[in-house]
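Chains: A, B, C, D and E, in written order; residue numbering restarts at 1 for each.
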């Protein structure tokens, strides 16, 4: 299988980025969108071809999908054996991911043709999109843990650029900054994790690294487990830190605070980056190193599971109270990623045990479709209403039928109503959780119900309820905006029927799964209950929501204010870091360090001033000093130095 | 015998000849205009300098009382050269002066005094040379006859130097008393280091230290430098100081060799004090001459480090540094002298905005100051570096560290002048000065020297080749 | 104790006594006279030491030259009868301390050195020897110092002439024309 | 005279030297300062003569030194007085404290 | 090809500048001269590769050796390895762009370019020297022009800053002076002393002498590269300097220190280097963290970049202190990277300042709309500074981290982690600077009419960005260049 052409998948967007970034403003003001979309289309086709080749033609050897390094180029060598090799790693997960990334990216490209039309920095926008696509594809194809870190940072900066796209809005600038810094903080953990792992594994390449840290009796594994710091083994440290990196990108509690703010970016961007692709990078990262987690450090997986489960529930609760449509979607994203995370966490390696792994990636796959769809729909709505606020929406079904249907399908999918895509993946996750950890299972169940509730709260508030008078006018939008909705709706409906377990699993061996109907009853019932509750409260204008909010006012307030996590951070950064570290550091520098330098100068000048009396201008005094000098020297010579 | 005297004592005899030419010229009916006088004298001095470069031989006459060595000849040539430069630079000041011939007569006689000191091989000749160099110099300090400061300076110089030479003589008498000889060679064998001898030795050191203005015997320096005419100040700070330093080094290395450990300690202490005090006073000065006086005090501290090295490297570095110092200090004094003779301004603050009106003069001054501060690529860098190396040869790094720190302080005040010239805004800067061609020529020589002396390594190598250590 | 010893102590006492008076007397003219007597005492000491030639020079040059010069200059610049300004007390204190300490130090060093008390060998000072040696170029010849000192005298002369010569009428010299009158008054 | 030890003569000269020094430090009149210096020089002369006579009678170094010192003292005094007179013209005083224009 | 050309070319250009008439001639000559410098260093680079390809494995290439002062064994000995060549290239880049951004200097332009070129001659001389005396000579040559540049063409409290900079740097060089003289006298090559670095490397001085002179030499050079707590000249000096001055200071001058720390102190006194390494690491870590936090509090763009230089140069020292091959390689890459990056940053700050006449964050804002090119450059400089992959800063920092991590032991680990933590703080202050300068609403109306970059500014920026991006995208190239050099160094020094 000739795989060199796969390199085109990340490289074409890079080329597009350079082209548009350097010359877009002058030469491609109008055509930038077409260029970007075409490139996106081409790589989508390539990605699909690759997927076809891999999954159906050549990927499977001896009944298992193989992990192969398609190409590798030594980029930076640190020491013999430890080097950053820019390469392409093909396995079922990465192939699946490039499909997701290219498809969603293509949708967003197409959608933006309409959505961003007339924007002053149209070409810049497409340049940034291309940059992001490049980085994300590079990330998923990474064959080297440092390579993934590099692209990790690059997606971070693309995200920064895109969130801050409306740079004259201070809130957008602040949100972009916040997103970058929070994820940077997490990346620090990732970096240290890499340092730890690579030091003991003596390699940075994924296959070798995994092999060395998993195979029984390898000296590297022995070394890393033998060392510990603060009573915790080095391997645990390393893997936990790597996970923290992933948690930052994937907005796991408590590193999630940037995600809702990131909605300041253009909505298609939110669909691409903050719903379908970049935010799941954390899940992907854990999946990449999954054998190590599962085989050598199951305790870290536990940690991951609890973090994921908590985040899922936590985000779901907040989502119920938010009034900004995009923020609700953002919290829902966080909640769904929590699902994926804990699915990873409860999973084992290989065979039946590996169900969680498969389910997690499956959910990632389906979620990409329906969440992207939801965001694009939100984009349509915002495009129409010029507001993000739920209060300003209502009864929109009349003016935007396509959006309405798409949104409904997506809601059903995310709520896990059969036979929509979400049902299948969620089903697998819950089964895995049921088998793995009951506490998590119940949390997941509860979350499933809440998910259905807040999604339909959104749905009813937007499309039913009381129509908003000013919400009409220029129709639903152009064909380019509708086309992605069609495609993604198809995905949201049908993606669940992909035989995912046959294709993607932790060890590459296809997995046989069956849907246990008994298992599905509880979540589906809960979901329907959630929908009904939403129907009761939000289908028509009434005061039930306020009443409910009033009865649990304390909790409501907490949830509405996102449990004050932002404020805690603000306190930590502003009060503690800024005022207790930064300010004293600056003060210390100015007054103590610099002060001592200046003080030395003043001291010299002072002494100089002080001894000026020595030069009294009186020749007799000079004589006295002269003689005193002689006496002094004579005494020294005679009695001290003798 | 006579022939030997003529060939060995050529430098002194040439100067005596010059002195008598001047004397008879003065006695002649027609003295000519000052301009002619100055031109002729400058040419004569140049001839004297050039003549000093050739046909030199080594040997001694008057039963070893007078000794001519290659090193001594080289030192005399340096001094001759310095006098040429000073003479050319003082053109602007002298051309309105009424006593040009007398000025040069006195100047030449002091120079003879220095030469005798360099070549003299006993304490009497040494003492006479010293007085011959000092007494007329005091008269020279008073040559701005109508200036109060000039008289004050002359008075301070003559009083202090009389006092110092009395102490020096007391020391010499004790040396004589304890050894029975005044001859250098015999002295070096006879010195035993008894307490009385050490006391006498300290007195002698003080006498030297007074002349080279080392702390705490330096107090006269600033006042005298400030009050004297610039030409005399530059003579004092360059020629007088340089000559005494030559003598000091050779006396320490040869005569007082038996007391080496004592004088090393003394030199260490004096050198540190000199650098520190000189620098501390220089920081605050506003009068350019006074400023240069203190800076030259600090320079002496550095020279003493070189002397303390007590190797042939020490001698070489000292001689080389003095040569560099001639160029750099005279470069600075050249500008100060030009400014002072034309405008009468001597304060540092008068120089603010100087660069705007007199860029070339500014560069001359700044280059000279950089050289004094020891900043490459000027010659001063090499000079200082070699001095420190010579000092470090003894392994006393404390001294070198102190010296290095002092270099920073000294850099501060040199840069202060640079700052005044280049950076300070001045509504009414000094006008564009018209400099006569003699001083211009001298400055050009100084600048050339400052720039090339370090790169033309044969100069140092030559000096190093003829230098003798302890 | 013979006469020679007594003479020595008397002469010494005279030298030091008049020396002290010379540096402490309040009237400048008296001070000059005390200096004169101290110098004469020193000449006497030279006589006592049988170096008559030096004693003669001492009298000729010092008494006849320098002191006269000093007295003339006093006339030129001072009312001789005036009391001179007193130095400050601290100055006197420090000077006394310095001088006493210096004397103590030097004296004790001289004392410790242990110069032999042996009677000096016969010492004949012949003026013609001095003359010969003065102009001799051989060993112990002093021709070079002699020439040097002659140059020095020449230079000193020139210097004195230039400096002390009355310069043509300037504002400053006009003031000074008053000085001869003041001298006459004194 | 043979019974007078050299040390005593040296004490006298040293004492005279420091008396002169005291004068130099305390007299405010320049001319008297000059006189003080003459005293110091004379003390040195006594030293030279005494040393020569007592210790090193073989050569005349001390004698010659003395001769030259006397000569130079005269020259020095002459120049000093010339300077003092010049200074008097401008300062109208020969008080050394009045000539302290330059300091610091 | 003789390396002396590298000194002569700028010198001749400088002299030629003196004979020019008018600003136009001056800057044209300067531009031609500095372009030739770049070309020349490129030629050296290609010759270097050719030599290496042909199997020349001498540690130093293109050596030439003149006796300068025979008796003192002072030679004018030049030669380069990959590390010095990288520094030379860096210098050439910064000089050319420095000349370009100074295109509009009208006040005393002749002197300005003269000093710039003199400075570059000093830097080249420093990097090619193989003799400690020569090296020290050039080190000091490079100081005074800075004083004048800041004092004459600077802004703000320039007199104070110029003086402070000159004195502190001279203080550093004074320590170096004592250090090298000490090394000279401690050396013993068949009974004579030497300044030759090659000889000193082969015959290291006695260990007790190393203990004495290493701190002197290292601190001395360290002051040049903002070693804590001797870094205070950095903020004042940079902020007062004219644009090209800041570029030279941060881009070249601070590198002299790093290079000296590596080449002189560490290389020639390896035992002492091992002994003092913990102290270096502690100081470097403090500089990194503390510099970063101090930067966070600054309000003036130049101060921000200056303090961030303290932090970034800490990485150089950290890399040296860690004493592994990778960390030293990282230190070298960081020197090159920081040189380019910070020069770019200062250049762009200069452009902003020239137009808006302010550098205060509170006054700026929304400039992206007005001057997109400048702001894009600003953003790129910022992103490079915060260590974004694709730019040189990332490569350098990661190499330092990886190298540092190779030292086992909690002490080294903690130092590395703390240093690593600075990348978060860096992100904070860089994004703050970028956010409030180029983003946000436009703060003053008169900003609206301001022009974007002119051709010379664009060229300067593109030049530097090219350097940054080349290293960022193809670090193996730079690594290849310096690899043999660092290998040689570390073999000599020995790892822990």
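What we mean here is this: contacts are C-beta pairs under 8 Å (C-beta built on N, C-alpha and C of every residue); 3 or more make two chains touch, one makes a residue touch a chain.
None of the values given here were measured: they were computed from a predicted structure.
Asker: Just to be sure I understand the contacts, which chains border both subunit E and subunit B?
Answerer: A chain counts here if it touches both subunit B and subunit E, which gives A.
Asker: Between what two chains do the most C-beta pairs come into contact?
Answerer: C-D
Asker: Greatest Cα-centroid separation from subunit C: which chain?
Answerer: A
Asker: Whose Cα centre is nearest the centre of all Cα atoms in view?
Answerer: Nearest to the common C-alpha centre lies chain E.
Asker: With chain centres taken as the means of their Cα atoms, state the distance from subunit D to subunit E in Å.
Answerer: 65
Asker: Between subunit C and subunit D, what's the gap in Å when you average each chain's C-alpha atoms?
Answerer: Once rounded, the distance between the two centres reads 5 Å.
Asker: Between subunit A and subunit C, what distance separates the C-alpha centroids? Give it in angstrom.
Answerer: Chain centres of subunit A and subunit C, defined by C-alpha means, are spaced 101 Å apart.
Asker: Calculate how many whole Å lie between the centre of subunit A and the centre of subunit B, each centre taken as the average of the chain's C-alpha atoms.
Answerer: Centre-to-centre distance between subunit A and subunit B: 77 Å.
Asker: Where in subunit C do residues touch at least two different other chains?
Answerer: Within subunit C, residues 91, 94-95, 98, 102, 105-106, 109-110, 115, 140, 142, 145, 149, 152, 156, 159-160, 163, 172 contact more than one other chain.
Asker: List, in ascending order, every residue of subunit B touching at least 2 other chains.
Answerer: 124, 128, 131, 135-136, 138-139, 142, 145-146, 154-156, 159, 163, 167, 177, 195, 199, 222-223, 284, 412
Asker: What are the residue numbers in subunit A that touch two or more other chains?
Answerer: 601, 612, 615, 617, 619-621, 623-624, 627-628, 630, 634, 638
Asker: Line, ring, star, complete or other: which one describes how these chains touch?
Answerer: Chain contacts: none of line, ring, star or complete; other.
Asker: Per the touch rule above, enumerate the chain pairs that touch, sorted by label.
Answerer: Taking the chains two at a time, the touching pairs are A-B, A-C, A-D, A-E, B-C, B-D, B-E, C-D.
Asker: Spell out the part of subunit A that touches subunit C in their complex, as residue ranges.
Answerer: Going through subunit A, the ones touching subunit C are 620-621, 624, 627-628, 630-631, 634-635, 638.
Asker: For the complex, give me every residue of subunit C touching subunit A.
Answerer: These residues of subunit C touch subunit A: 91, 94-95, 98, 101-102, 105, 109.
Asker: Of all residues in subunit E, which touch subunit A in the complex?
Answerer: 164, 167-168, 228-229, 231-232, 236, 290, 293-294, 296-298, 325-326, 366, 368-369, 372, 383, 386-390, 394-395, 398-399, 401-403, 405-406, 410, 413, 416-417, 420-421, 423-424, 427-428, 431-432, 435, 438-442, 474-476, 479
Asker: Using the touch definition up top, name the residues of subunit D that touch subunit A in the complex.
Answerer: Interface residues on subunit D, with respect to subunit A: 21, 24-26, 28, 33, 96-97, 99-104.
Asker: Can you name the residues of subunit B that touch subunit A in the complex?
Answerer: For subunit B paired with subunit A, touching residues are 155-156, 159-160, 163-164, 167, 195, 198-199, 201-203, 205-206, 209-210, 215-217, 219-220, 222-223, 261-262, 265-266, 269-270, 277, 280-281, 283-284, 409, 412.
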